[in-house]
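Once you've had a glance at the structure underneath, I'll fire off some questions.
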Amino acid sequence: MTAHADIPAVRPRARISSRYLPYILSLPALLVCIGILVPFVTAIYYSLQRYRMSQPWNRGMNWGENYLNFLSDSSFWHTLQVSLVYAFLTVGIELLLGLGIALLLQKRSKVNNFVSIMLLMPLMTAPALAALMFKLMTNSNFGILSYFMQVLGFPDFRWGASPSTALFTVVLVDVWVYTPFIMILLLAGLRSLPTQPFEAAALDGVPRLEQFWRITLPMLTPYVLTAALFRLLDSIQQFDIIYAMTQGGPGNTLMVFQVEAYLNFFQSTNVGRSTALLLILWAITYILSNIFVKHWLRLRERARGEA
Amino acid sequence: MEHQSTLERWLRGIALSLVVLFFMFPIFWILLMSLQTNETILRSPPSMVFTPTLNNYAAIIAGRLDSNVATMSIEFMRNLMNSFILSAASVAVSLLLGVPAAYAFARHKFRGSEDIAFTLLSFRFAPPLLVLLPLTLYFQELGLANTYFGLIWVYQLICLPLILWIVRGYFEDISPDIEHAYRIAGHGWFATFRKIALPLAGPGIAAAGLLAFIFAWNNFVFALVLASADKQPVTVGALAFVTASGIQYGQIAAAIVLSITPTLALALWAQRYLVEGLSLGAVKG
Amino acid sequence: MSRITLENLTKRFKETTVLDGINLEVPEGTTLVLFGSSGAGKTVLLRCIAGAIEPDNGRILIGGSDFTDVPPEERGIGMAFQNFALFPHMSAFDNIATPLTARTLEKSAIQKAVDGVSRLLKIEHVLSHKPKALSNGQKQRTALARALVSEPKVLLLDDPLRNVDAKLRFEMRLELPRLLADRGATVIYVTQDYKEAMALGDRIAVLEAGRITQIGTPEDIYRRPANIDIAKLFGDPTINLLDVIPQRDASGVFATLSDQRIPLDDGYTEFVGEDCVLGLRPEALSFAESSKAVPVTVEAETPFNEKTVTLVTTLRKREILLSRPAGTPAPSSGSARMAIDPRGAILFDRASGNRIDPKSTASAEEAAA
């Protein structure tokens, strides 16, 4: 017990270090992030300005005018519409496909595990590069997919180059990249479900289809919701795939929020409109992310509890 | 499920094959393209019978592209290098900053810790351009435009939330008693962090780092906005590559294969942890 | 130098008060058992003393010096956790050695100390194993070895036998007192098992809802529990509790059971006519032929190894448990008579639940002594 002698000296240091330690540990990470928060505030400021980089003399506060203009701006409504259609279309298709594949792979077996590992590959491909891959495959001269369409009797199927099929093309790429994400989440969910209800249902002779609707789906709902919200958050902000595939074209067919804002900023140098657009997108994602975080936290609690 | 009918087994088999075909075909086809000359690529109908050539890869690695018009140089290897530098350095910085912070959030429920953690998480969900566009103007003024330093800083937006939230989960899984026991045995908090918390969360930290590396590598928009040609990673470089005139399709395919191989290899290597990482710990892998 | 003194120790987690002004003194070299049901605050109290949890209020003194703000690594305490808290990535040897490596001892000295303590606890043969490869009993001994290896003057043992099987618990209950006495350390031992508490403690402190409700020798607590709750916690089968109203006549104070008088100490005169609870230890009851004994009906009998427990009912259908050494003859059914040893009878105030002491120093007091 030699420690006794230096207790008085130890005492003040001990209290300070244990109280401030967590702040000291997290401070560097916070500082880096503050550097990121500053531009966010700047964006709000810009969005309240008449600000074109090409017309510096004309710059000034116009308060909510950028936002008010949107009300009568048909291209804004088009952007909102395309973004929502894109988001709900991709997430809807991916949910159905992902759930179907997860059910196919539910049983643990060598083949199923191998397939689920294979399906990681599209998810790990950079979305921009995935878009390029599809661009090569849909090239009208040599693209294998164009050839398939020709064989199927659609010689004029022009994929990303035609306004009528551009949306289909980018949705296809999105589905290719992100369906595995939903599949993986739902598969993990399916495999973590308790087995007793299913055993009981099997004993009672409940048909398999009814088991799915009455037991599997309700128990899987939290996972489906979390996966859907997570994807919706990403999908409504999609940039990489659309920009790499068509840069929002042809014409303005695929002008989703971020692509429109990017082009506004760099091509028409309209900083005010561009940042106002992004803030509206931010508001949408903020609401979505709050709902998401609630569901996600609940699932996370559960996952930690089981571990 | 034990008594499957033969029909059901067949249907399952067919469905599974279709799934594998749909998700594997693009990668397979691009790989085939990368091994062909322009002549065989342009054949109609397309065929899988050809004499494979590594010329496309050789040209990209040498940085010289010979088209029928002229010889041009393309620095795709530089893009590849940039991707490595940006991703590796960003992950290293993120680990350095994020692991201690994750430990603080997991162990000390200090005032405002949840709010701060959520603010950091919200970066993951905000539109990246909202931050990037004003940042281009700041970067011009600060001289950070088109520097590795500036890019690595901004890449923290991708890596830091990911590492913070995954690693925090792993720290929370360590029983606090284990750390208490080590301290009561006479070791200070830092020794406890180093000898107990870090080794026990090690697999999680490695997985989070790998996943952050993959996401940094796959990122497109950050570098598109903030980097010029000499700092661009493969995602942006490949796009410029496609639009450059006179390029042979086999070489584009080869460039794509070179660009996606590192992430795919890492993903296969770390697939065990991927599920948990992807969902930020909401689903156990 | 290692007396433990707690002064007004208080800890709140959000709204709930876990420790409510604990005052406690553990003399040097003695073992205090901290006894209470789960959630009473035992573990939190132990962690406060170890320094793993900071109390909101109050002081912790060891050997008279204030240790309240000293970080855990500088307190020189040995502690064993209920869940063992072994370091999963270290071998048993390295686990046990951690208190020594902190003091930068020489390798050979560490080796010697670890070997010594592991021989004492009979785990020499598993020192190279990781915790995963140890049985629960070996884990428990490893955790104990880690707490003992640096020969700390203060030992905190948090229910170390909770997670081991019954056979090992029984063995350790016999072994531990000698082990602790040999070391001369001041020990605080947490348990929920009353037999463990009685076997190990020089004194027992009963903790309920963050307060110490009674502190005394095991004998004290068993014979003279402060209230009904404590009386129920100690003893197996649990004490019989009968609502009675003491009466008095020429021959003295008494209560009535099955129309038979049960004489009580005359010191209870004050409580004549009051609502009381009579506590009867099952082992203070026996079958007897005497006409003064209480008539009962034998309902069921459960034999244990060393004792037999019989459920009987009184004329008014009140259930009473009676415990006697195995092998003693007794009626297995039908009517019987039951004698009461007055030393196993305790009177409580029904309203407050507190034990009532007889006023004079008559027979009951002698019996308790």
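Read from first to last, the chains carry the letters A, B and C; within each, the first residue is number 1.
Please note the rule applied: contacts are C-beta pairs under 8 Å (C-beta built on N, C-alpha and C of every residue); 3 or more make two chains touch, one makes a residue touch a chain.
Not measured: the values here are computed from a predicted model.
Chemist: With contacts counted as defined, which of the two, B-C or A-B, has more C-beta pairs across the interface?
Modeler: The comparison resolves to A-B.
Chemist: Going by C-alpha centroids, which chain is farthest from chain A? Tell me that one.
Modeler: Between chain A and every other chain, the largest centroid distance is to C.
Chemist: Please tell me the distance, in whole Å, between the geometric centres of chain A and chain C computed from their C-alpha atoms.
Modeler: Here chain A and chain C have centroids separated by 58 Å.
Chemist: As a quick test, compute the distance in whole Å between the mean CA positions of chain B and chain C.
Modeler: About 58 Å separates the centre of chain B from that of chain C.
Chemist: So, what's the distance in Å between the C-alpha centres of chain B and chain A?
Modeler: The mean C-alpha positions of chain A and chain B differ by 15 Å.
Chemist: Listing for chain C: what residues touch at least two other chains?
Modeler: In chain C, 71, 74-76 touch at least two other chains.
Chemist: Please output the residue numbers of chain B that touch at least 2 other chains, ranges allowed.
Modeler: Only 189 qualify.
Chemist: Going by the contact rule already set, what residues in chain A reach two or more other chains?
Modeler: Expected reply: 17-18.
Chemist: Would you tell me which residues of chain B are touching chain A in their complex?
Modeler: It comes out as residues 1, 12, 15-16, 19-20, 22-24, 26-27, 29-30, 33, 41-46, 96-98, 100-101, 103-105, 107-108, 110, 113, 116, 118-123, 125-135, 137-138, 153-154, 156-157, 160, 164, 169, 172-173, 189, 214, 217-221, 224-225, 234-236, 238-239, 242, 249, 252-253, 256, 259-260, 263-264, 266-268, 271, 274-276, 278-285.
Chemist: Would you pull the chain A residues touching chain B in the complex into a rising list?
Modeler: Counting only chain A, the residues touching chain B are 17-18, 21-23, 25-26, 28-30, 32-33, 35-36, 38-40, 42-43, 46, 100-101, 104-105, 107, 111, 115, 117-130, 132-137, 139, 141-142, 144, 147, 176, 179-181, 184-185, 188-189, 192, 223, 226, 230, 233, 237, 239-240, 243-244, 257-258, 261-262, 265, 271, 274-275, 278-279, 281-282, 285-286, 288-289, 292-293, 296, 299-300, 303-304, 306-307.
Chemist: Tell me, which parts of chain B touch chain C in their complex?
Modeler: Going by the criterion above, the answer is residues 175-178, 180-189, 191, 196, 199-200.
Chemist: Going by the contact rule at the top, pick out the chain C residues touching chain B in the complex.
Modeler: Within the complex, chain C touches chain B at residues 47, 50-52, 71-79, 81, 83, 85-89, 98-99, 101-103, 146, 150.
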